[in-house]
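Below: a set of structures, written as structure tokens.
Next come two complexes built around chain A: one with chain B, the other with chain C.
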Partner chain A sequence: MAEFLAYLIAGLATGAIYALAAIGFTLVWQTSQMINFAQGEFVMLPAILILAAVKLAGLPVWAAAILGIAAFIALFGWGFKLVIVDPMIRHGVLPLAIATMALSIIMKEGAKDGFTAEAQRFPSLVPQETVSFLGISISLQHIAIIIVACLAIGTLQWFVTRTKTGRQMQASAQNPNVALILGIPVAQMVMLTFLINAALAALASILISPIYLAKFSNGEVIGLFAFIAAIVGGFNQVRGALAGGLIVGVIDSLAAAYISTSYRLAVPLVLLVVIILIKPEGLFGRKEERGV
Partner chain B sequence: MNTSRFDAVFATLVLGAVILWFAPAGMGRYGTYVLSLWLVTAVAVMGLNLTLGIAGLKSLAQAAFMGIGAYATALLTTKAGIGWLPAFAISGALCFAVGLLLGFPALRVKAHYLAFVTLAFSTLVWLVLRNEQWLTGGVFGISNIPRPMIFGIKTDNALPFHRFVVVVTLLLALVLWWLVRSPWGRAFLALRENPVRAASLGVNIRAYTLLAFAIGSAYAGFAGALYAPLVEFIDPSPFQLSASFFLLLMVVAGGSGYQLGPFVGALLGVVLPEWLRFTGGLYLIIFAAIVIGLLIACPQGVLGLLERGWIAVRRRPVGSNPPIKETV
Partner chain C sequence: MKQSILALGIAATAALALPAAAQERIKLVNVVELSGAGATAGTNWKNGIDLAVADINARGGILGRQIEIVHYDTQTNPGNTRAAVQRAIDEGTYAVLGPVFSGPIGASMQIAQRAEIAQIVGGEAAGLTRQGNQYLFRTSLSQSAAMPKIAAYLKNTVKASSVAVVWVNNDFGKGGRDAILPELQKAGIRVAADISTEQGQADFAADAIKVKNANADAVFVYLNEEESARFLRAAKQQGVDKPMVGETTLLGAKVIELAGDAANGVRGHVGLSIDAPVPAFQEFGRKFQARFNYASDHNGLKGYMAVAMIKWATEKQKKFDKKGLADTLRGATITPAEEPGIMITTKVETNGDLDRESYLAEVENGKQIIKATLPMINP
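== the complex of A and B ==
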């Protein structure tokens, strides 16, 4: 039982990170109908940028973190929207989805060739210790991840539902034409979702890299789990992506412990196929018809 | 306009095959191998071009299907002692069947769910190839895959095998050429252009999209059946998800929907790296950047760009006269 709870907490921690990636993914999808196949690489890269700033430029960790995150949000929030999404969206969403695949190759190969192909240690904000609580040994890092991710998602939820800008963002996602008529700056709102997406990815990157080490190929699994989380939870809801992320994280952790380590990846994939078969709008999603 | 262009496609295919039959003269073993690899990749891209370019579906498992074909052929020819030709047919049929099984639930919902289902499938195939050592040899793969014996002629050397690949590729390309011109092909095109209208004209959307996906997957199986004897050793790494992304980029680079696009796309994806050797590992980045540039400037790919240029050149002599008829 204690063992089970330990796996559960570990699963919730990685799940919270998948949720961060999945929420960014669904936000962008809602406002621009774009499927970002580079989402995993978005989570991989900020940690690499920070490490590069530390090792190549010799900056202290805190300065490298600020610089790396700022550079990442500027490049892959603002720049991504401006350079890739804007000129391409007029051709439809299919070329755009394919362009994000090309981008994922560039990010991955860029991290490998520009920095290193080896897995790198990444500094952790909390000590890498475990505490014993009621006979369960819990990693402090897992607790910290769950708390930070919940705070971030709570803030985002508050922003989206309680502030004027957040509501304008929602309106722009639901019906851009009507939003425009109502005087909402739709273009700025769409840009805002790209910035939030980049910020969430950067946060996920900082949280996950101390555990998984920073490596150019990390994006593959993270991206896959973010997709699965988004679909399982429901594509059109922040809370859906949150629930989806936690479910996928816990299932992955339990599958690794109790089913098979070599097939741990297969269990969330099977879950994905089952959800698509029986409840394609996701566990918490609303039914809607939208062609991509 | 259509018939003349399609005849041009036919002529280009046959002429290209004749040139490629003699091309490796003096190129050496490695040069010949690269040419053969180009054609084998082009077969997989052709299939994906049917799925994406003609039917408008995103499949992210083309490399995985190619892996199924390659492993099926490798196992059948090494362990079961079956000839290459039946192994080739079985590989294609297997991928066709798996394509139907996979596509049916996904396309039941929404077309873009196929992307996610194939994404998951791709990873599952890779897991099985890597973990089921008793069957696939795991990370050690399968070695000593024999090259086929066709009509009593051994294709063990690079040149005869290359010529064999040329013939098979030509046949597969011609079948697809015929298919696209057939009423079925017209239905596929109608689906991509306007699904609602196609449905109202009595095209069974679900059946046709499913069929396009299954045929496209079967072509990946055929490509795998050629790939296994070409490299003579296979392991799971060339069939990963990133390889499927790469094949998709080749479709777009060549010109999605163009019959000759796959050859151009595979040329950029397979032969270009050989020319870009001096850039070291950067060729993937260069290729991906070229594709993004193309998608921004001309989503119809290299062939679309050429067509655009050709139209512009032909119109110039007319000068100030307005174009009399629409060329496309």
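== the complex of A and C ==
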């Protein structure tokens, strides 16, 4: 039992990261009806920018973190919407999806060529110590990831459902034309969504990079698992992305433990297929109908 | 008038001599992992080669000819490696340098063999030199030479009666696992857990929990650089407190840098180290640090030695003969007195394996400390 709990907690920690990235998929989907295939690279890049500010500009870590995160949110929140989404969306969803695929390659190769192809150590906010609980050793880093990610998602959920701006965001996502008639600044609400997505990706990057090490290729796995998590939980619900992330993280951890490390990637994919066949809207998603 | 003709003659001779001098360069192509899972090892190997080429060219080159070095990135992909080796041969390389990872070496070595060109590689998988390839040469000890030393170390120094083995599921890792298991059995050490991991794996929490629950006396870790660091960090996070023992890679400078505090206490056998009690290694380490602003691991040393092997064999045969280079290297013993770039007496076996002194080391306060020197197996 103790062993199972250890795998469960490790899986929840990884799943919390997937959830943060998966929420990015759902937010962008709700406001723009598009899938951002560069979402994994959105989680990879903030850590690289922070390290680049430390190593190339010689800044202290705290200053590099502020600068790196601010630069990332400006470039990949505000800039992403203005430079890629707005010009492409009028040509339909497919060109935009392809554009985000291209963006993911550019981000990955840019990080490799502009910084380094080698993995880099990333400072952790929490010591690499363990605490004992119910006979198992629990990593403080894992506890911190779970708490911070859940707090961030909880705050987001509160913001979206309990504040005026949040409700305006929801209205803009559900029916932008009606929202516009009601005087809601739809364009600003959509921009806010992209900024929140970038901020959540930066948070995920800071939480996961001390464990995975900062590397240009980190986005591949994170992006894939977050995408699976978003579909499993429900692409149109924040709480679905949270649940999906945690479920995928736990399944991945248990698969590595009880099946095989070699097949751990296949197990969440099997889950994905099952969900698509049985409940295509996701475990917590709502059905959507679209006119063609 | 005579002076004008003389001046014209000198100018014409100089103009003709310029392309001739350019042709006097000897081309070496390095096919290596500069991105992908092998980027850390490959970058060190490349930088070691660049340092060797700069040193040799500064001393007048090989038989009076300057070396022109070209690097091709394989992206740690066996298909790309095959293409790059073929391209290197088509472009007239004198010898092929690299790659470092055993899988891509295995996939590409037949190409250099068919062209009868020496390929000097950084791989350690035992199987590479068991295929009768007369053109493949290592720069590191083979797993079949290193693993008996590890088993003896686990038995006599660590006093382990059971060991958890953590290995990476690629040619390097599988070769290491296949080499260590019989040695552990011979030493009477029980394998408490046999844990396979994947190349490029990022999350090692589940593997660390498995190791902890195996409750073995020691853990033998045989992973590539980045994965070694991730595993050590995960093991520390899960409170694994048993001795971590490894072979060369686990104690490498890059692993220590990436793993941070989690690397302290790691111990094992190292084939090459800039911290070894060999003045030439330490001098290399200082030069490498000064040029690249970080500490070289064993792959940097291997890259440097690879070029030195080519220089030694070429000067031995007194000509640039591609096939003769391989013939000269096979069965040779190269000493630092003959070729300073080799840094330590190195015996090249007829199958391409190497024999030379190696070391037992431990990581203390973020630094690799050499504890003992082990002699050559067949001096």
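Going forward, the second predicted complex is superposed on the first by the 289 of 292 C-alpha atoms of A that agree within 3 Å, B and C clash if a C-alpha of one lies under 4 Å from a C-alpha of the other, contacts with A are read in each partner's own complex, and residues count from 1 in each chain.
Keep this in mind: a residue touches a chain if its C-beta (ideal position, glycine included) is under 8 Å from a C-beta of that chain, and two chains touch if they have at least 3 such contacts.
Predicted model, so just to flag it, every value in this text is computed and none were measured.
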- Message: Just to be sure I read the superposition right, which of the two partners does A:1 touch: chain B = first, chain C = second, or both, or neither?
- Response: neither
- Message: For A:128, using the defined touch cut-off, is the partner it touches chain B, chain C, both, or neither? Pick first, second, both or neither.
- Response: second
- Mind working out whether A:181 is in touch with chain B, chain C, both or neither, as first, second, both or neither? neither
- Message: Output check: A:99 vs chain B and chain C. Expected answer is one of first, second, both, neither. What do you get?
- Response: first
- Touching partner for A:262 - first (chain B), second (chain C), both, neither: both
- Message: After the superposition on A, what does A:118 contact: first (chain B), second (chain C), both or neither?
- Response: second
- Query: After superposition on the shared chain, which partner residues are touched by A:277: those of chain B (first), chain C (second), both, or neither?
  - Reply: first
- Message: Can you give me the overlap between the chain B contact set and the chain C contact set on chain A?
- Response: 112, 262
- Note on the structure: Given the complex, residues on chain C that touch chain A span 34-36, 39-40, 43, 169, 195-198, 200-203, 205-207, 209-210, 212-213, 226, 229-230, 233-234, 236-239, 254, 257-258, 260-262
- In their complex, what parts of chain A are in touch with chain C? 3, 6-7, 10, 13-14, 112, 117-121, 128, 130, 137, 139-142, 210-213, 215-218, 221, 252-253, 256-257, 260-262
- Show which residues of chain B lie in contact with chain A when the two form their complex. 52, 56, 58, 105-106, 109-113, 115-117, 119-120, 123-124, 127, 130-131, 241-242, 245-246, 248-249, 252, 280-282, 284-285, 287-289, 291-292, 295-296, 299
- Which of the residues in chain A come into contact with chain B in the complex? 35, 37, 84, 87-88, 91-92, 94-99, 101-106, 108-110, 112-113, 220, 224, 227-228, 231, 262-263, 265-266, 269, 272-273, 276-277, 280, 291-292
